[in-house]
């Protein structure tokens, strides 16, 4: 697999959120506003990439019996550092993300990539994979939060978009709408991926 | 409490945590160590350990166990792992079909709409097996394709489509030769042919010639012209009024001649698929 | 045999211990660097939020024995009390701070933590509703739905519960302030 | 309250007016009879005659070594002109003996031979029934001699005179016209079984039959003539047993598990003939009816007469039928060819116009629960049909698909016009196949 | 007494962790394909949450707070829980295979799941006392189990529905979850 | 067969016979005359009187809402089925019921575009996404209504001003609303402190509320018609209404300090959407359990949750949510409550 592929598969084909359906919680919990969603996306991006790198460095020295606890410790360390930094330099965001920032530690996607990619590959591949997954995850957060903030609150990045007469559809800001929205987004991406696959196959069989 | 103190305490506490849990875990692991099929461990290694449950099992370990112990659990259930993992698991568990010649599904019926005569107007469930229960299906010919597409619906690789004539068609590029369709067809209309097959009979009717012909314009009437025109003795035989190709003899045939004289074109040459050729070579 | 087993345990445990040690070091270091900033930032934010409540005060003195309760001073002069309350709102308790001037009238309030519906109950912290409280006295702190009634607090449409809760929180604060003032 | 089964049931339009009052007629012997070798539940028979043989009426022409089978006899005298697979009303094609009638209709040697049933012992009675090849006329065509030798203690014999199938009237006519034979037959069966209690269950839409039989059985006090509520499927044997005795046969169980044996009216009459006169089962009563038959009739027909001939005898079709059904409209099998013969199980020939048998287009189940209310077996037909259409065979088994008696009450009542019975029959076949495969596998493993 | 009850009902129904707080969704969508698995899982989650929340509460209040190390909350909790659950799993596997098959198999799945971490974290941020902490943990676990079981029964039924191809699987599960949470809104404002 | 008989018949020889093709289908060959459209349109008919009363009482905006909701529901159904290449089923009346019920459970003054969004939620999100008629797990009309409720709670709780009738001047609140915020006395006050007038208004529908829920008498008549036709069971509505009655009688007074057994069951039984819910919504066969026993459990649960929400919850009315919650429980009920298989119980008892 080319390095570009390693990076790019995380964006659409294997989008960690919509396709692999891992780490679903943040996509609903912190996407009421774009800022929060974006911050969460970037945090995960940072954590997954750096953790992939760290794990791929230490992978040879770790006894496989305690592999999982060690990986978790690595992730938790990185997350705690992020927390401390945010607390010091962006306390508002720290508050807005609330408990979900703690939970970055246990997001399945991070551990899964550590186990399946970083513990078996060199630094470059691990890094690119982390980057790709991070981008994919961040994009998912942005897409969801844009829709939810725009229609559920009538604003984008806090700026009113529809004027004062707009009555926001609160359902999108609230849990039910979030679930349904993601359901339809997932279906949409599935349809798109499948049609791309089909197109590829058609091309393949013609050529 | 000064920052220095707290920072140092952080190191101390973390180390303590490490010591406590490190020893507990290591100890427990030794003390309660279980005999485990080493293959399960290996498969578990190969899995992404996302513990996502997407495979339908309760976690990677459980899937690893199932895929090793249960011959019916396919190696490709891990969604996050995708093809690479599936390959590894398949290799570990030996669940890949041995490298035999690839096969494809061939429909042994051409009695589509307007060609095979209908016995009655059928009203009921659109399902081949269910339609066969009552009066053996709506066609006069009771051997051919019923045309309700059970095979199409059950092909796991979407290699089949229902043709406009009411007879399913196989996309040889997509067909993996898994045989699911053949096993599901209530009339056993589908056979798996090696992709090097040169000729094939597209009829299943064991009815005597006259009746077969009356029932369906595309039927094999068992006249034996193919048998007589076969350049390799015994490549085609007529059994129960139906021509049957003997693959072991046909395998070496370069220039098939048997089908040329068939009055109903029930036996015909196959067009080899480009993609499959590649696979062999 | 036993020896070997023991060393196995130590070896495995060492993995985790080392990781934890390193992680402790890193976190300790980061904390050492960011800790002071974070503390300062937190203080600053708290100060800022109280300042927002009572803009003309220059000093906030914590009240002994009462958590999060402050007395705002201006040039050494007591000007207001800042009192925390947590009335029960639509989605659970609403944690809020209310500034009450020494004469018993409301200056302003902030919602620190609330689980009210965004776009509905959450609007309590925004001007049209919040603005009504300025200068209101204990007897005015009742919710009404009568549009013409300007004396009392106008409920937010569709969020009567939140309106009531917030008003109740403010009212409690005023009552507490009266007690403290009397002291 | 009238005797009936507790749960489920439906009330289809009974359509009996067409042939209810038609006295049984006996048409002339046909020119040619086609006698299939499989007319019963059990192993098919093998022909004992070959082309060119001359056979006489009542002569054995097919038999089998299998325990579960019923012998087959020539229904008229003549020459065997063909022994080959021929059209069959239940299985498309079946090995059959075709006899070209010589018009003499001669009895085979020694037939009929008179017996006094009172002097015969159980064994002799059973032997006579076996020799005559009597099978159940109620539809399942179970060999009567097997049924009358239960391997569990029984205490009750029930004659099933419900005739709950709409349109059909031959049992009704038999109860009125051949009540003497019925009375004798019941006593023979009770003697053969050694039971002291008998019931005759009749739906209360046939008051004349109830009255007539009550009269006829006046001197046989151990037999009770019971009017049952008119509710389909009152005639299903489990329902009939419940109505008569209040006992319920457990799922998968046979009537003898609750001490009962159930036989159809026609079967009992055939038994009388077989025991008292030694006459083999070569003719049966069949109702030819429906709104497309010019003159609906109740007929005594030779086995092997083709549907076409029978219909012609009844004046042919008055209008083009949409469906010709062997049996009743609820459980019968629709035919597409009319050269199929009357067999031992053919209780009716029904020709219905499109208006009478609109099956409608199948739609998704709306879960209205009408089928659940209608199912006499306490199943959830809607779920079964959904599981079967999704090929979820284990689910079907879990939901008791094997208990279904295929009565069709669920389909009758379904507003979505779902072909539940068809789904269920398919599911049953698949489940059986799976079970068999598992069994084979287990056996193979056990061998290892 | 009443407040414990309120806390409990709140955790089970009103602030249901899955449907209103979005926690534990990975297992919620992963395991709800099958009713039996979801019952085992619900049981396992409840017990693990309860035990690990108690442990975490002790750790927090007796070690971290005295030393001013509250920022170690996340990392110490996660290591604690992961190790504890692994220990539990190892022991159960050895000692009682039946118990292991009933719920042991689900343990590793939840060891590193956000609901198991978030309950202790929320509990300590809300400064619950020991008993409150316990009630909250049990309530949260049961709330999760309830949602999971409802979801699984719905999905089993949808297996036989004519769901459009694109929506099959996780997408339709999300939509059903949306409707479940819509229904659960009925409980809002009750406390 | 005799030759002369043959001569007289039509289609005398076998060859002629095969000229026309017979139809073959699985048994049974006769079916009852009930069809899905027939059932659905009968339900529509049963709802029409109550809807018509709503139009008469609340005025033209009610009519507009009904029409918009029905038309949009039908159009959404049509568009989706067209897009998915499915059979077009808009004439079967189920979408009409959904639209009608949606309108009937919303305030008469709801902006028309909200009705359209409600229909979208009901038909596309709830019904068609799960496979269309027969497959949806939740009551579409209620999903539409609940969705609107969370989206625009203000519009969904803004009640009309009805002039010239009994409730003149008490705009902006339904009886249950007033009960929630002002207590029982405030409700009585609304009807001139006369319990008789109150019950009368509730019974005939001269009160504020959702478009089609007010007229108890017309809804009950509609329900009785459906029971008479055999489309719904009488047990489910009766159980639900009785549950609400009994529970509100026992606990209804507690929050007003009058102690147990001091509630006003008659008021609770006729107020809000209970009647329309009990007769037309818990009886929606698609989303209710399939067995009668299951339906009774369903009805009891729905009644229980309704009371819980009315007495303790944040909303003044709980019928909609209670039904949705019970819808979620339906698959579980269906799994646990099955009819007794013939013969199973008896043999167990005997052995």
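Labels A, B, C, D, E and F are assigned to the chains in the order they are written; within every chain, residues are numbered from 1.
The definition used in the following text is that a contact is a pair of C-beta atoms (placed from the backbone, for glycine too) under 8 Å apart; a residue touches a chain by one contact, two chains touch by 3 or more.
Protein identities per chain, from UniProt: A = Ion-translocating oxidoreductase complex subunit E; B = Ion-translocating oxidoreductase complex subunit B; C = Ion-translocating oxidoreductase complex subunit G; D = Ion-translocating oxidoreductase complex subunit C; E = Ion-translocating oxidoreductase complex subunit A; F = Ion-translocating oxidoreductase complex subunit D.
On a predicted model such as this, the values are computed, not experimentally measured, just so you know.
> Under the document's definition of touching, what chains do chain A and chain C have as common neighbours?
Touches both chain A and chain C: B, E, F.
> Would you kindly count the fewest steps from chain D to chain E, each step being a jump to a chain that touches the current one?
Shortest path length, in steps: 1.
> Which two chains does the highest number of contacting C-beta pairs join?
D-F
> Would you mind checking which chain's C-alpha centre is most distant from the centre of chain A?
Max centre-to-centre separation from chain A belongs to D.
> How many Å are there between the centre of chain A and the centre of chain D, using C-alpha atoms for each centre?
68
> Between chain C and chain F, what is the separation of their C-alpha centroids in Å?
Computed from C-alpha means, the inter-chain centre distance equals 46 Å.
> Provide the C-alpha centroid distance between chain B and chain E, rounded to the nearest whole angstrom.
Measuring from centre to centre gives 40 Å for this pair.
> So what's the Cα centroid distance for chain C and chain D, whole Å?
Whole-Å distance between the two chain centres: 85.
> Indicate the residues of chain B shared as contacts by at least two other chains.
In chain B, the residues touching two or more other chains are 6, 9-10, 13-14, 17-18, 21-22, 25-26, 29, 51-52, 54, 119-120, 123-125, 130, 133-135.
> Would you give the residues of chain F that are in contact with at least 2 other chains, written as numbers and ranges?
Answer for chain F, listing residues that touch two or more other chains: 21-26, 125, 129, 131-132, 135, 146-147, 150, 153, 314.
> Could you say which residues in chain D touch two or more other chains, in rising order?
333-337, 359, 364, 419, 422, 425
> What are the touching chain pairs in this one?
So, checking each combination of chains, I get A-B, A-C, A-E, A-F, B-C, B-D, B-E, B-F, C-E, C-F, D-E, D-F, E-F as the touching pairs.
> If you look only at chain E, which of its residues touch chain D in the complex?
That would be residues 159-160, 162 of chain E.
> Quick check: in the complex, which residue numbers of chain C touch chain B?
These residues of chain C touch chain B: 5, 8-21, 23-25, 27-29, 31-32, 35-36.
> Enumerate the contact residues on chain E facing chain C in the complex.
So the residues of chain E in touch with chain C come to 10, 15, 71-72, 75, 79, 188-189, 191.
> Using the touch definition from the top, list the residues of chain C that touch chain E in their complex.
Per the stated touch rule, the residues are 20, 23, 27, 31, 88, 90-92, 161.
> Show me the residue ranges of chain B that touch chain C in the complex, using the header's touch definition.
Interface residues on the chain B side: 3-4, 6-15, 17-19, 21-23, 25-27, 29-30.
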